[in-house]
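These notes open a run of structures that come right after.
Each of the next two complexes has subunit A plus one more chain, namely subunit B in the first and subunit C in the second.
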Partner chain A sequence: MLQSLITHSTTQKISLLESNFWITLLTSSPSFKMPQRSPEFSGSVKLKYVKLGYQYLVNHFLTFLLVPVIAGILLELIRLGPDEIATLWKSLQFDFIQILCSSYLIIFISTLYFVSRPRPVYLVDYACYKPPVTCRVPFSCFMEHSRLILSTEPKSVEFQMRILERSGLGEETCLPPAIHYIPPAPSMEAARKEAEMVIFSAVDTLFKKTGLEAKDVDILIVNCSLFSPTPSLTAMVINKYKMRGDIKSFNLSGMGCSAGMISINLARDLLQSYPNSIAVVVSTEIITPNYYQGKERSMLLPNCLFRMGGAAIFLSNRRSDSIRAKYRLLHVVRTHKGADDKAYRCVFEEEDPEGKSGISLSKDLMAIAGEALKSNITTIGPLVLPASEQLLFLISLMGRKFFNPKWKPYIPDFKQAFDHFCIHAGGRAVIDELQKNLQLSAEHVEASRMTLHRFGNTSSSSLWYELSYIEAKGRMRKGNRVWQIAFGSGFKCNSAVWKCIKSIEIPTDGPWSDCIDRYPVDIPEVVKL
Partner chain B sequence: MVSTAGENAAVYDVRLSSVVPASITGEDKVHELCNMDLMLKLHYVKGIYFFRSGAARGLTINDLKKPMFECLALYSTLSGRVRKSEDGRPFIKCNDSGVRIAEAKCSKTLDEWLAFNDDSLNDQLIYSQFLAPDAGFTPLVFVQFTWFKCGGISIGLSWAHVVGDAFSASHFINMWGQILTGQVPPHHLDTYNPKNQKKFPSPLAKVPLSIQRVLLDPDGGHWLLSNHRKMRTHSFHVTPKQLNRLTEEAKLLKPFEVISAMIWKSLAKTSGKAEEPKIVTLISGTWDKENELPSNSRVIISTIEAAEAPPAQADLAELARLIAQTQEDETHLVERVMDQKGSDDGESRDFILYGARLTFVNLEKMNIYALKMGGHHQPVFASYSVSGVGDEGAVLVLPGPPPGTESGEDEGGRVINLILPENQLEELKYQLGNEWGIH
Partner chain C sequence: MAEVSWICKRTVVSTKPVEAGKFCPLSVLDRIMEHNHVRVVLYYRCPKERKAGESIRMLRESLAELLSAYPIVTGRLLKTAEGHWMIKCNDAGVRMVEARAKGSVDKWLQNFDREKELNLVHWEPMFHKLYFWSTFYVQLTEFEEGGLAIGLSCGHLLSDPICVTIFIKAWADMTLNGKMVTPPLFHRLPRRRQCNETTNPQPFPELINYYKSTLEKPVPVVQAKQTTIKIAFGDEMVRSCIAMSHAPGSPDEPSPTPFQALAGLFWVGISKIKGLKNGLITMSICLDMRKVLGLDKGFFGNCMVYNQVPGDGIEEYELSKAANAIREVVDTMDAEGIMNLIEWMEGKADQFSCLMNGYDLICVNLEHVDSYSAIFEDNFKPIHASYYIEPTVGEGMILVLPSPLAKGSFSRVVMITLPEDEAINLLEDKLIQQFSPTILMMADKKHTTANSDP
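So, the complex of A and B:
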């Protein structure tokens, strides 16, 4: 139906092979299928119990070891009898000095232990920016604007349309006001306005939610990859909220979609150095100055996927905050593949042959992302996996190395280590790929898919929208562990592990408050425009 | 169309953007176009409102756009786009594409502009595009905000007639004005369901006189009309005094009929015996509520034939009586024409109504001065017109500025907008000025 109306573009032949490659690369993973039910059902149930038994055994190995030891001691004590025990006790001669030294030693060792323990970092609360309806961009509006802006390039318009149809985005994603113009009007002033709109709104909400006052903030970190004015966005926040003169401020730019985790890592390290401090981290991406206005296909993709969004996070190492904090940070793992040339160039900001600057995505993106993920998993695995999985992985690794390299590599079951997964909503293919590789169920990746649908790819803040989704659905329980994974230019894969330390009620405000009842939504493979 | 930069370009710095509905319309929502809609598809309604600087004080373009988002949530059809179904019949897919907003600046002050008294200049204040050639991706509604040098502002509305009639357009922009001034909009709008659906026997009993089949250039996608004669627009103001004089002379207290008679007679005189318009079309509407979805279902089309005396020589009173009493309602006939198939296959399904014959449009009851900005600021002047009019021309009778506005005197004035071939217009101006002192 639509084809009949696009009279000029149907007469031109698109390099079908090329467009198909891009589309399957970045929007859908055709090889992914839901795991099939095994025909030998009873066999698999038996296997499941064997597996469970094995897990209990290995995970509580120390406990199992201690049991015979305690039993032995008890038996010995019973055998000795109470009188014998009394004489044994009296025969021990304790010098006063010996007692003093031993106690000092014990106190010294315990003090050393407590002091050298890292300070716990608490996430007291966070706030996500909810764009107003006046920034809404439905598919059809986006496509119409594209047709008008790229009126001389029907091939590029057709390409964008196919990407959008398969992107997994919904009809409520938002772009900043400057991009609503035909052609877009990206000026520095418009970019600053967007930054103010997003950042101030998120920080205001955070302050209101937590009762935090601006003068109490000791550390401020803002990360925004593509917009870096002078004075920095951090200075903009300090100016607006009149923060203290001795605040430690950091502005991270150019670090891509994984910069959110880098900021959390930085905040954690700073909170180790400064006792009793509060850190506020603001993650956002400013779209206005980076809307690509040319026709290169590798650079048009970000236009279709990136949308407005931002989040502000309140971190603390103060004991008084541990009571009201929602999460505690357990681990942050950072992996950088920049040493490899291909990885370095796979997400690259450059000028196209016409001099228009944009971000070009290379065709090796998914492969490199897979490699980066593998590195990250290998590092984080030993930190979070239960002993049973680690043992299996070790056996499989040694077997492949020494016995038969053709053994299938054992993929540890991360579902045992984590209850919730927040995968950066970089695009449909990223989520599909991770779901396949980590063998996650549809419910595990639901937060990521729904965030992509409702908000689009909001870059570093998408992980916070996903966490907010899980809370809004009421699935977060005390003791649950969350794994946030982000990919970004560089090529980097950074992840953080949080533990929920407070029972969380379903929030009445927040970015999902007015639409959570509509979710989860069934996202079709191809949306008809 | 808006003029680009040139020496005499008074309107400059035009920027386009889109406004979409505030809430999702949902998948696969379509609006079927009825026969009357398709009959009127080649026409466009244009409206213009002028406000003094006090009305727009402190309002930025975003303040003006924001109520439009909420307004469009009520009118899902306006944000849609035309699509063709398998049998070739157009319909509207409500896909939230939105309406186009243009922002512009004008180097003249409001008073200077109004002093020009040239309606064709108003085209610069109303950004519009025909639905051809890319009907699937052209907005149905355009709104232009132009800031004048003195701080005054004009609002130009371009509205595809296929969506609704002039009253619908006025209701839409009035709703926007209400939301702008802080009123809470209704939850939803009602649909008009006409009760009497007369059934006519299959073969068309009579060929309707008011419409004309046109052959369109297929490259234009069947949405663009080209005129053979050069058409121009002009606006006359009939003061209450002049109107009283007219109604006395015509011995009839119906202003629209009297004014139509006057114009008919004058045009008949100027065009000579051969081209005298013997049959004219009357278009009126029966809107009583404003909170209804836009439609063309309330349009009533009738024809009047000057069978006995030629209108040039007839008495004003006679002609006025003829108009008031011998209207032949053709509305259903016109609608039936679109249903005709069989031997008509292969023939063009494109028609014009306005301008097929000399057309008089009764817009007296239009509430155009109800559009208020800043709470109580009424427009200094407001007017409506139609574009895509056929060669016979059209006459729109609108209410004059009410008391309370700057130029409003006592109740009862009228504004007559004429869209006529150039030569006829010049003659008519002379006639009206001479005989009745109307300028």
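So, the complex of A and C:
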């Protein structure tokens, strides 16, 4: 406990100093490219062991300091002998009042400490929606429908085909029934039906898995960016499950694909205010009302990538749930680039010249996503990186500042802070960029790529499908740390860090149960249609 | 006031993805039927408590399950390097139309005609960009007061009416039990075994000549408006027809089959209506060759062969001679002859741009087609089945179908497509009347425009 206190204060001190330097460093290269390391430097095996030794030394610095001190005290005690210790003890004059005051002070300080500590937030379990196989959309079917609907716009159809070929999606992604019609019939009733199908299915599965009862839910948060009816989707859930009258419900709409992390953040904050409470978070995206039926290319992209999906998450701050909970929430970091005009307009819902509404994606999307990621990393780095990495980074910074500006900047190794990465499956380009910038191996981004292949871009719930993949593959161990990163309109980059607190057996149900043996698949660069 | 109103059109895909790069070639018997299409309608009653849309949803889900075993049905047409048609199994799905009809299915069956019936089975003619044209169309029509009509249409390029019925039966098995009794088989037509050089390479030239002459004819133009009537013959009536068709004075000859007897009867009748004096009109019969070629029941594709029956020298009322002529032609169509034909057709490098059944009076033998065992729900057999082979532009078409009554009975249902006035005259013909058949579907009386295909 002492060690973590000291580490925390150290990181607090250097974080302020660091953040400015981090921004300067990371923005120095125009597109956040990783500078190439010279081969002989990183190829050396001896150096690897030096690095490992250095990391071990710095990360366990305090242990190394304390060990000689304790050894010294023990030696001294042994040298003194028991009689001498007894005399030493009697020479101390203890007054009854003094003892009482001291113990009262100690008790007071410890109570203050325990009370002011943030309540731990546990993720007991979560459930992902598995769309019915009859909603499957193979590439050929999607292209045919596109051709039949946009029969007068062959160029737009060609564009959609090229996007689909390179998208990284598979043949098993699903669209809601209303979009299967020729022409699509996106009515409000169809949208409500899809919402009911997805949300109720996910919540039913969650309740069944965890034995949770609807009347026990204290906080309900639903996030769905593009469909926001009145009464809200939260009211729809409360009505269906007959939840209590004093439930605290929140419906988040318009917040894009990163709304899932925003909901988790909101749940965490609420669980600090309300002791012994249960929160259920439902993340989904309702595709039906937003199928773009025009011909603007910048607006056709979401049609090709967005697919049906949803997830329901059970969070709790009750001590009794800590035994069966799978994860504990460590950090949530939110960064918003909305102050910049370009970032604000890069994912924008608007009407095209023909009056058809859709979501237009600007060409600077990747660059802005890179910027948002930098900000997020800047904030999260000091919270999660081990002291060895932070020290190295500081040394490299100092060196560049004061000694030789030509020194290569040091990009910290996030693989030491996290065991698993869940990158929002926004598209192949997003995953490729992040893999390159954070220097992740193929296995680290496997969950994201395979989720994109099997389920498509399910917006805010994709992170939960990815986590489910890692569990289904049996890779999640107790003590592992997971980093979930999501990007969304605004432009926002939100991330959450979870720690696995229970050994997780491979689930027999879940969205991956029937197909996990086929994964990972090799996804070709371009699928020939 | 439209009796049948569309709800929606969508595409149904299989539940399992098809592996990429799969192609299914089409045989010569398939390719020769390029300009034809098949339409089948089956009528069912439904349980009273069934909610609107529930039957359709159930059938759609079981169809999706079934299509996983039929990648050829969800594929699309493509031309090979040689310029022949083949199917690329690209997992594109089949089109499904959902519709609603007024009244109940029983009421509909009391008063329907060809035009109304064709509204129950959706079809889209081949359009320019064939790669996006679905080869199969399914229409599910729910009757507001109870009942269901399942309409299936497909290009004749892929399957003949018997194959379509096997597909529907497999769909019914999938809906009822979750698995197929006869899984489909996709393979080439059998080849002739290598035999001695000395045997005559073409022992039955008539068949090949018939095909040769048909292939050389140009595609005919639609002339008079055709209509279809449907007549049911009870067991007794068919037996008496067979008795009449049996040549007197030749008791050793086998009795004509119900098909031969009925085909002979209508051949004589229609020739009379058309006013032919010397001999009967040229007729071609179309027979299923699956048993003859020894194919398995699950064979998917075309396996029906046409042959001409010469009608010269047969006077009207000479039923036995007509039936005999038909029987003789049927007997010549054996495995050897068919395989010769297939070999000859494969030798022809050019494409088949004719219309196979566009000239003569065609009589198709569908009497053993298994439509009444396509049971989707316990205790709900089809109450009625209609078949159409379109387009009908020749002298006329006769389809001999089984009847809904017990198997083994000789009762049959005959669907006849003729120009309007001829059809009406046929019903009043004395020869037909003497068997007192039941008229199931009348000719269209009104002169309205043809069905509008979207």
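Just so we're on the same page, the second predicted complex is superposed on the first by the 477 of 529 C-alpha atoms of A that agree within 3 Å, B and C clash if a C-alpha of one lies under 4 Å from a C-alpha of the other, contacts with A are read in each partner's own complex, and residues count from 1 in each chain.
Everything that follows uses one rule, which is that a residue touches a chain if its C-beta (ideal position, glycine included) is under 8 Å from a C-beta of that chain, and two chains touch if they have at least 3 such contacts.
What you are looking at is a predicted structure, and each value in this text was computed from that prediction instead of being measured.
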Quick one: on subunit A, after the overlay, do subunit B and subunit C clash, or do they fit? Just give me the call. clash
Contacts of A:D364 with subunit B and subunit C, given as first, second, both or neither: neither
With both complexes superposed on chain A, which partner does A:S140 reach: first (subunit B), second (subunit C), both or neither? both
In the superposed arrangement, does A:I182 touch subunit B (first), subunit C (second), both or neither? both
Scan A:D216 for contacts with subunit B and subunit C and give back first, second, both or neither. neither
If you tally the residues of subunit A touched by each partner, is the higher count for subunit B or for subunit C? B
Look at A:E171 in the shared chain and tell me whether it touches subunit B only, subunit C only, both, or neither; answer first, second, both or neither. both
Name the contact category of A:E349: first (subunit B only), second (subunit C only), both, or neither. neither
Show which residues of subunit A both subunit B and subunit C reach, each in its own complex. 133-134, 136-141, 144-145, 147, 171-172, 177, 180-182, 185
Per the contact definition, I'd like the list of subunit A residues that touch subunit C in the complex. 133-134, 136-141, 144-145, 147-148, 170-172, 177, 180-182, 185
Report the residues of subunit A in contact with subunit B in the complex, numbered from low to high. 1-2, 4-6, 133-134, 136-141, 143-145, 147, 171-172, 177, 180-182, 185, 529
Under the stated contact criterion, what part of subunit B meets subunit A in this complex? 15-18, 20, 22-24, 62, 65-66, 69, 81, 83-84, 95-98, 134-137
Residue numbers on subunit C that touch subunit A, as the complex places them: 8-13, 15, 17-18, 60-61, 64, 76, 90-93, 95, 129, 132
